[in-house]
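See the structures that follow.
Each of the next two complexes has chain A plus one more chain, namely chain B in the first and chain C in the second.
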Partner chain A sequence: MAISEHTHLTSTTTPQDRGEWSYWSGWKPLGKWGGLLMLFCIYFPLAWLALMSISERPLSGIPLPFSLQHYRALFADTKWVEPFGASILIALLVGIVSATVATLVGRALPRTRNPGGLLLLFLLPLFVPGMSLGAALFIFARSVLELKLGFWSIFIGHFVWAFPFSLLIILVLTTRFDNRLIEAASDLGASSWRSFWDIEFPLLMPGIIGAGLFGFLLSFNEVLRTIFLRGTEKTMPVWNWIMAASQQSQVPIIFALATIVLLVTLPLLAGMFWLVFARLDKS
Partner chain B sequence: MDETVEQPILEVVDVLHKYGSVTALDHVSLQAKRGEFLTILGSSGSGKTTMLRVISGLEQPTQVGKLAIGGVDVRGKPPSKRNCTTVFQNYALFPHMSVAENVAYGLKVRNVPREDARKQAMQALAMVQLESKSERRIAQLSGGERQRVALARAAVTRPAILLLDEPLGALDERLRIDMQSELVEIQRALGMTFVYITHSQEEALTMSDRVVLMSHGRIEQSGRPVDLFDRPATLFAAGFMGYENILPGRLTGRQGDQATVELAGGITVRGVASEALGAVGTQAALAVRAERMALLATADGDAGRDGANVLAGTLRKQIYHGKYTDQTVDTAAGTIRLRRWDRVPSAEQVGAVAWQPEDCIVLPA
Partner chain C sequence: MSAALKAEAGSPAGTTRWTGGLAAMSGRNWVVPGFLVIWTLIVIVPLVVLFSYSFFETKHFQTVYDPSFDTWISLFQSGRFEVTLRSLRIALTVTAIELLIGYPFALWLAKGGTTKTTKAVVLALLTIPFFLDLSSRTIIWRAILGQNGLVNSILTGTNLIDAPIEWMLYTEVSVHFGMIIAFFPTMVLPVYLAINVIDEALIEASEDLGATPFQTLKNVIFPLSLPGVLAGIVFTLGPALAAWVEPSMLGGGFVNLLSNSIESAYTALKYPVVAALSTFIILLLAVLLIIMLLIARRFGDLSSTFRVLKS
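== the complex of A and B ==
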């Protein structure tokens, strides 16, 4: 009797006991509100920064009264123009070069004997700490390439950093590329040069643009490797960091500058994600 | 047979192609006349697609004696420099171009002025009844429409030879049958030489002027559809062309194109002798189609006296398929399969099967 009661009890309660926490009705609301909180944590500081940049006393933390005086100060002060220009130039160069090289490598990689192993080697820099890679490139640029640290050493560091990302984006398209289209084009009379420009290039275009944008943004935001490789050259983020760290009086200007940078990069990012995810999926 | 008079538009002599250690084409030679519809028939792995790729230039053969298109030696030339185009099995249409742009591509790379190219592309699309869809994207077309676009794209440059790699393979049966007759009509209208690859003996028989049957990288037999269907030269050809009954035996006599074979069980029958048949006394096989067989009530009726081959046997199985009925009869020479298209009486007395000597072929075993 006792035994049968025991088995009866366990058979009816155990599965429910075991699974109950995973059936809790609060998981979905928790996920929803947790997600909303995360979104708030991401976007509120950015919006607050923009708000502060148009406030009279940003360091007080009170938005009102509004004023454009920091923007005026920013445009009156020309010290930031040079690092900003250097950053843009390096980022443009990194974007173009990594898109081009990633396209070349991304087309060749799927046809090699061991694409997986090679890909791993290419992607490893993603997991190498920026400090280590920066230090390594510092030695490489100075003693092996005998480069004067500055614009070109920064460019090399940024390129090494951005290339794996660009390659990944290109590979999404090249690994799925139907080589029979190239055969069809050459069968119809196109030279290999012609079939590349008429068939392969337009079909890889979204990936190439994505790779270039990614390279641009990664270079534009890069600090850690730049510190090692810059010599006396200043890029935008490095200059921002120096200003924020040393002169308190410059901080309001930096708020304005950071807001401008944000307004430039956000649309770029949005465009890139649209290209990579919306356009690529369709084709 | 004016083959010797007119220069063949396609001439392939002694082509050998290996993928690593695998021989895909084993010293094959092939010719096509101008305006001919030539079908290369074979199962997968027979080398038929490799043959097509060697002709188009997408594959450079390991070794080739002669490879000429329209009298021009194309050995070592890239596909773009050969006067032939391919309709690919998967169509390989350019997804980022419209239907009209796809069709005009061959003209574009030949630097045909834009307006002329457009006009010719529209004519080619009219040929396949798709001019109304010229501005569509490829993704918006059905399988049958894509097939037609691929055909128009390949034919628009008026190549000497059009190569077709199982172009109907991906279509459903109804569409396939429609396209078969349409393809033949287009081929006749253009007067173009078609080299058509298929694994379907039905397609080969329906469409071709000449069929080349390939197996294991070699040409097994080549001839008119009716030759392959009624006069297979080898056991493989007979099996591939759907001969249901292949009975082993021994060649006991040969007179012109007549041969006699002693089957298992000691019965001697007569049939048409294959050219490759060996000497009297060697092993041979007899091939007969199921629908050429008839059932008799007894083995010793009038049929045998009329010159027909008769085998005593008993009906084992009968399967009704609607349009026809398949019957299986056990005889001393082996199991015989029959297919009857007429109405089958439900209760039928069966004592023997019979067939005419001209309906069966004696092959080297």
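== the complex of A and C ==
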């Protein structure tokens, strides 16, 4: 009975109704909420981290009672200051250098003979896992060139990681750039530096700032490559890492430190995205 | 050089030397070749060295520069092969789950009638995690999933369970979980970019011709978004194969992956083993990429997307 009813149904329906299940109105919300749940899982721990950093027992399930003791411990114990400073310094360098180099290369790249191939080459570090690239740079510098690792090798490792991102941001702007503006400027008698400084630079500015900030933040939070390239230096994520891996008692202090870093980083990022989206929208 | 000099001569006081040089340099077009040399030195050469180092050996804490396959053979012996298989299994599982959640989400974001603001906010939310310290983001899960953590406190507090759940932390489950959360953006972003450039008219045409939503997805949207899917898989699978923070922090020493082998070889100064393991990950990724490209060729025309990117 059930079978005959089924065949009857399918024989009289139009082709559109055959995949009736695919018209279910729940698919769209399912896709939406699945992803939003993941976003929640990304951001909830950050909020929890901040909350637990002011809790007396950060590794328990209940934040109460609150206490600022871990912040006091953080500021009493100054061992994190040096890695923190090193991180800031390297990140600043990486940000400035990758923004500058990405601007230079990003302006010239669209005019080369094989921009696609070159771009792939410059984006190569995106495809190579961080640990592998860190190991490669480490073996090359330490075993082949027999150099002493330290600041400079961390810088190179971070630069290699940050440059592709910076280049992509700059390219978004330079590939859209209207070259007639430069031609017009030179027709009107402007020297090449003048047309760069007065026309190109202001138009590329959001991209350059974005590239610099990307470089800074990517470097500031880098762990996988730094582990290999640090020599005797320590950056803050590495210090966090060592503390977290070795002593459970240090974890609350890391929570406090990570919260402070988050409070600085998140507004910076929000500002950057506002800048990029708002400026790109206008153009 | 004369152009640069002239440029500077024509500049008013206060202009720094490098801006004059900057404009002249790109005019001469040696920026790209020049940087290419540096890039080769800091990226290509190290990777080649890494590859060749994997054919050496370590004896008595000294690297023996005598090419052989011994280090490679050791990768497939003893416990290390087990680690390789486990890494591969976990990485593939994570990537598959990522695709399963990420693709519908990217589809909703790109074609689900979302407003411009929603798109901008979600894209920003997906990008921000790239800039946050992975170790502190991961370690907090210990406080959430642990025996006395948030989830167990809630469950026991509401009397839903009597004893705290123990498999939530320091197991393969927690390692999977941590990796899925960490690599979600790397899957969604490329897929979104690919779906976003699909011409709305094609989707409408498919609907007008009487295709069900599933048929439109299967025959129109999915083939056109394939390059994004491939990019998403590569960007997820690579870090997943080499994942280190998640297995160490959430595996509690019970889940050893390739990265842990690399790290212990590094600590033991066995550089050829480090090189072989790192090369192995890169090769594995390359092989998987080639297989996927071959499969993808049967589904759709990849070059069409490159044309879209160029335009």
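What we mean here is this: the second predicted complex is superposed on the first by the 256 of 283 C-alpha atoms of A that agree within 3 Å, B and C clash if a C-alpha of one lies under 4 Å from a C-alpha of the other, contacts with A are read in each partner's own complex, and residues count from 1 in each chain.
Everything below uses one rule, namely that contacts are C-beta pairs under 8 Å (C-beta built on N, C-alpha and C of every residue); 3 or more make two chains touch, one makes a residue touch a chain.
A quick note: this is a predicted structure, and the numbers were derived from the prediction, not measured.
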{"item": "Fit-or-clash call for chain B and chain C when the two complexes are aligned on chain A", "value": "fit"}
{"item": "Partner chain in contact with A:Gly117 - chain B first, chain C second, else both or neither", "value": "neither"}
{"item": "Chain B versus chain C as contact partner of A:Pro202, first or second or both or neither", "value": "first"}
{"item": "Which superposed partner A:Leu269 touches (first chain B, second chain C, both, neither)", "value": "second"}
{"item": "Contacts of A:Ala185 with chain B and chain C, given as first, second, both or neither", "value": "first"}
{"item": "First (chain B), second (chain C), both or neither touched by A:Arg194", "value": "both"}
{"item": "Touched chain A residues, chain B compared with chain C", "value": "C"}
{"item": "Touching partner for A:Val223 - first (chain B), second (chain C), both, neither", "value": "second"}
{"item": "Smallest separation in angstrom, by C-alpha atoms, between chain B and chain C in the superposition", "value": "8"}
{"item": "Chain B and chain C footprints on chain A, overlapping residues", "value": "191-192, 194"}
{"item": "Complex interface listing, chain C residues touching chain A", "value": "3, 6-8, 10-11, 15, 19-20, 22-27, 29, 31-32, 35-36, 39, 42-47, 49-50, 53, 63, 101-109, 112, 120, 122, 124-137, 139-144, 146, 148-154, 180-181, 184-185, 188, 210, 212-215, 217, 234-235, 238-239, 241-242, 244-245, 248-249, 259, 262-263, 266, 271, 274-275, 278-279, 281-282, 285, 306, 310"}
{"item": "Sites on chain A touched by chain C in the complex", "value": "15-16, 18-23, 27-28, 30-32, 34-36, 38-39, 41-43, 45-46, 48-49, 52, 58-62, 101, 104-105, 107-109, 111-112, 116, 118, 121-122, 124-133, 135-141, 143-144, 156, 159-160, 191-197, 214, 217-218, 220-221, 223-224, 227-228, 236-237, 240-241, 244-245, 251, 254-255, 257-258, 261-262, 265-266, 269-270, 273, 277"}
{"item": "Chain A partner contacts - residues on chain B that touch it in the complex", "value": "56-58, 78-80, 85-86, 88, 90, 92-96, 105-106, 108-110, 153-154, 157"}
{"item": "Chain B-facing residues of chain A, complex", "value": "178, 180-181, 183-192, 194, 198-199, 202-203, 283"}
